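Here come two complexes built around chain A, the first alongside chain B, the second alongside chain C.
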Partner chain A sequence: MLYLQLLVNGLQTGALYALIAAGFSLIFGMTRIFHAAHGATFTIAGFVFYEFYSVLQWGLVSSILASCVAAGLFGVLLNRWVYVIIQRHEGSFFTVFAASFGAAIVVQNVVAIVFGKGLVTVTTSLSRSVEILPDLYVSPMALIAVLAALLCFAVLHYLFTHTNMGVALRALGENPGLIDVYGLNPRQLGKYAFLIGSVLVVPAAILTAATSGLNPAMGHHVMMISIAATIVGGVGSLRGAAMAGLLFGLAENISLAFVDPQWSEAVTFVILFLFIIFRPGGFYGRAITS
Partner chain B sequence: MLAYLQNIAVLFAINAILAMALNFIMGYAGIFSLAQAVFFGIGAYTAGYIALNVSDSLLLSMATAMGISAVLSMALALPALRVRGEYFVAASLGLQMIGVTIFSEWKSVTGGLGGLVGVPPPVIFGYTLTSTGEFLALATVILLAILSITALLVRGSFGRSLMALRDSESAAQAYGKNVNTVKTLSVAVSAALASLGGVIYAFYMSFVNVEVFTLEMSILLMAMVIIGGTGTLLGPVVGAAIVMALPAALTYLPFIPPGELGTIQQIIYGSAMVLLMMFRPGGLVGGRSKGKTA
Partner chain C sequence: MKKLLTALAMCQVFATAAVAQDIKIGANFPLSGANAEYGEIFATGVNLAVDHINQDKILDGNLVVVYEDSQALPTQGVIAANKLVNVEQVPYMLSAFTGVSKAIAPVGTRNQVVMINGGGVGPDLATLSDYFWNVIPLANFEVKTMVPYLVDEKGLKRIALVYVDDPLGQAVLEDMTRELEAAGGELTGAFSVPAAAQQFSGVAARVRDTKPDAVFIASYGNQQVQLIKQLRDNGIDQPIASYSAFSTPSVRNLPEAKGALFTSQKTNLGNPDPRTQRMVKDYREKYGKDPNMYAMNYYNAVLLFADLAAALQKEGKPITGANLLEMRQKTPSFDFVGATVSFAENGTVQSPVQVNEIQADGSYKVVK
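Let's turn to the complex of A and B:
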């Protein structure tokens, strides 16, 4: 039963990781911007939801909307005011990365000043676990997490295969030079990539707020999971990022059966490390060139 | 007051050593490692363990720490040979997280979360170093030694190979540079130099604990190198001075509540990193712009 329980927990965590990683992978794959502040977007989305839902009591739908607006705005504005400016004079990956990292540090500490450094939780009866089989406890939240992930991926799939913008975005990831030739505007498309990618963290942030709680420093962990999952999944592949996110969620939980919980983060990074050494292209990656 | 200043000076020297070691791979070889704090930690734990269990000789500790770090740096060199850019940053991030877990869980050697307590003062040529002033002298000597080693290495053929590698790996290879050897060596040198900082730290604090070897430290070191200027000789030293001066300067500002000091300081680092990258990507010491590194 222990394994089954861990498997269920792993699925719940994995669904959230898949969503987070998909957002990062989308931004990185399409615009080639190593958006380390993706974790900060997550923190912002979670805390805005907490503020509106638990503190101001605005009701569920408007709180979710507020959270989406905050996340989307942060992503788009960071792109407009920082990344675009940096890329104007030089496109070095590390310059962008360091700036993004700086932004993540600023957000983490501003949130810590506003909300305090402790853990905040959104209380809901949905996160209470019910015993559905002998010794198997599942909360309705687990189901909601999996459904939310499936729904988001269905929408994304539709977006990227059936709309002009989605196709254009994929083209941007494949060959940015050609986008110009076809008369499309890469900067405009980059904005959409940031918007979609940033809003994608909202469900995960809200579900985390309702289950394990939020703290200002959690952006680090989110960022590391998204980077790891994007690389293990293969850069530019949403499907890969989602699978890798799921894999990390499962690995983190199932490893609990064998090692102490302190090691669970290390398990994630051992997987990442092995992938980078033996299969740097990831699950579905294109060949990478140096 | 003198003791306070000396204390700051020793910590500054340690940070400058670490930042210079990081700059060696980051600025010259184009290997952006977020795992520098791991080698700092390896140095500190090695020194602490040897001093507590084997002998309190400073030279023995330094030699062992450098050796162990250089060997373990292969874990960083391996991904560096395979991938570049984003991929390597991710790999080093992974190594950093694994390193912290090992530091806090390998209790028989590292003392777990409690750390190693009561590291005895080091002995060099029969003389025991105890006072802050003596440590300052030691740290300064090592800092200057590393400065000159870096200057020599960078000016020589090894340094030129490194920079060629950084600017274009394929071109360097085409000119007959052995890319793998140069990369592996540079990572090993950087790790060994960083471990020296760890050795001084362990003896100076006479206490080693995982808290200073975390990702935050790696980021801070990266910030020092970036703020000072990557790929410049004195940049990391300047960067270390600025980053270290910040907390001290902030305590004199009356309107900041003491409880928020650390947070405000972090916000300033963060904004400084963003603004520098936007308007002066070469750092304070470096040139205005360097249009390379893929």
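Let's turn to the complex of A and C:
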């Protein structure tokens, strides 16, 4: 039963990681901007939800909306007021990365000033596990995490295949230079990429608030997962990032049946290294010529 | 223009002269990162002590604390220590966290700078160096108190241990193994978690599998809060126990921590001596809550410096690490907040340990 329990835990963790990674992969894949502040978006989303739901007691739907607005605004405004300006002055990839990293540090410290430096959690009975079979504990939150991930990816799939904006974003990811030829503005499209990618972290942030809690420094862990999943999934592939996130969650938990917990995080990096060595393009990486 | 520049230069000279009268000590605390909450708590005690010392003019000069951020990481701690020692040239440095303390000990020892710990509890900290002092009981004493309480008084013989993969965790594992054997208990499983880990549902499953009577957590900072919550969320209903790190507000205010047990040094806020009463009263006024043992430890650590430095100034000796050490060694006892204490040969204060239980309202009750 231990293996089944670890599998169930892995699915929950994997669903969270898939949501986290997909947002970063979307932004990076579409805009080629290394959005190191994606972890900060996650932190903002989580703490805004905590503030509205637990402190101000606004109600679930209002709190989720507030979290979406905060995350989306942060992503869009950071792009508009920092990345676009740097790129307009022909700033290099590293310049944008440094600016993004700086933004992440600023957010971490502002959140610490406003909310304190300790851990906060959203109290809900949904995070408590129920013994559904002897020695098999599953919480309602696990089901919610998996359903939320499936719903988000279904919506994204529809968006990218059945809407003009979605098709344009995919085109932007494939060939930014050619976008201009079709009369589309890459920077305008980039705004939508940041909006969607930032809002995509909200479900994961809310679920994390209810399961493992929020702290101002949590952005680093989020970035680590996002970057690793983007590489393993293949740059530019949302599906790949999601699958990679799921793989990491499953591996991290199932490995506990065979190794000590201190090695569970290392499993993520072993998978990453194996992909870099044997399949550097990731699950769905595209071959390119130069 | 020339006159303006001359005036500015003169200001700099006077400013420098004013600053030179400041007596500086260093504080190597986690001010950011996952353990920043501790740094915040430590600083409340330090800042209050500095206020009191300057108000009472205990020293011939203004006492100033220079804070550097260790992030509770050994590497960052060494960088911070080097800056405090070589740039700020402090003779006395407040430290915390076992890993950081072990990393900075050679820096302080080499430069004859006193390092004083009021938060880390790894037993190794007692043997680091003559220049490394501790004003907190170390983990071996805490585990030695908790294990017999769990095994003999609560009848909880099978203990599972979840510990952070660092020097503190390793030390607790060794002490726990030894003390459980001596008390007739059993260590059903020992699960080491990375310091940066945040997901513990799998660890909870492994712990559950060993069917313990109780679970001992040896971690700190945000991770210990996450551990408590996720163990409870994932079907661990057995009592949870830990050491003094559980005294932070984020643990005590966690609903899932209700009933958790933890050890801490005996603190008597009702001690009638004037130093204790003043510290408690002013702390309550300034921060709106009672000081916990960390705040008291670092208050005492700064007070210790003031007492030693004042004695050196009285004898006309410079305030250096070597002189502070010599003065401490020849002083039989110190009036700390909460108790009068003496230092053992190895520079560690001996103080009794109590067992506490976290209540539903976030307060804690002494149970032993």
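A few remarks follow.
In this section, the second predicted complex is superposed on the first by the 286 of 290 C-alpha atoms of A that agree within 3 Å, B and C clash if a C-alpha of one lies under 4 Å from a C-alpha of the other, contacts with A are read in each partner's own complex, and residues count from 1 in each chain.
Simple rule for what comes next: a residue touches a chain if its C-beta (ideal position, glycine included) is under 8 Å from a C-beta of that chain, and two chains touch if they have at least 3 such contacts.
Quick caveat: nothing in here was measured; it's all calculated off a predicted structure.
Applying the stated clash criterion after superposition on chain A shows that chain B and chain C collide. When both complexes are overlaid on chain A, the residue A:V61 reaches neither chain B nor chain C. Contacts of A:L6 after superposition: chain C is touched, whereas chain B is not reached. In the superposed model, A:N109 makes contact with both chain B and chain C.
Of the two partner chains, neither chain B nor chain C is touched by A:V181. In the superposition on chain A, contact of A:I276 is made with chain B only, not with chain C.
Within the superposed three-chain model, A:Q262 lies in touch with chain B and with chain C [touch as defined at top]. Of the two partner chains placed by the overlay, only chain C lies in contact with A:D135; chain B stays clear of it. By the document's definition of touching, of the two partners only chain B reaches A:I227; chain C does not.
With chain A used to align the two structures, chain C clashes with chain B at 204-212, while the other stretches in 24-32, 60-68, 168-176 or 204-212 stay clear.
Chain A residues 108-109, 112, 220, 260, 262, 265 lie at the interface with chain B in one structure and with chain C in the other. Against chain A, the residues of chain C that register as touching in their complex are 32-34, 36-37, 39-40, 165, 191-194, 196-203, 205-206, 208-209, 222, 225-226, 229-230, 232-235, 248-250, 254-255. Looking at the complex, you find that chain A touches chain B at residues 28, 34, 82, 85-86, 89-90, 92-99, 101-106, 108-110, 112-113, 220, 224, 227-228, 231, 235, 260, 262-263, 265-266, 268-270, 272-273, 276-277, 280, 288, 290.
Chain A contributes residues 2, 5-6, 9-10, 12-13, 108-109, 112, 116-121, 123, 127-129, 131, 135, 137, 139, 211-213, 215-218, 220-221, 252-253, 256, 260-262, 264-265 to its touches with chain C in the complex. Interface of chain B with chain A (complex): residues 32, 78-79, 82-87, 89-91, 93-95, 97-98, 101-102, 104-105, 169-170, 215, 219, 222-223, 226, 260, 263-264, 266-267, 269-274, 277-278, 281, 289-294.
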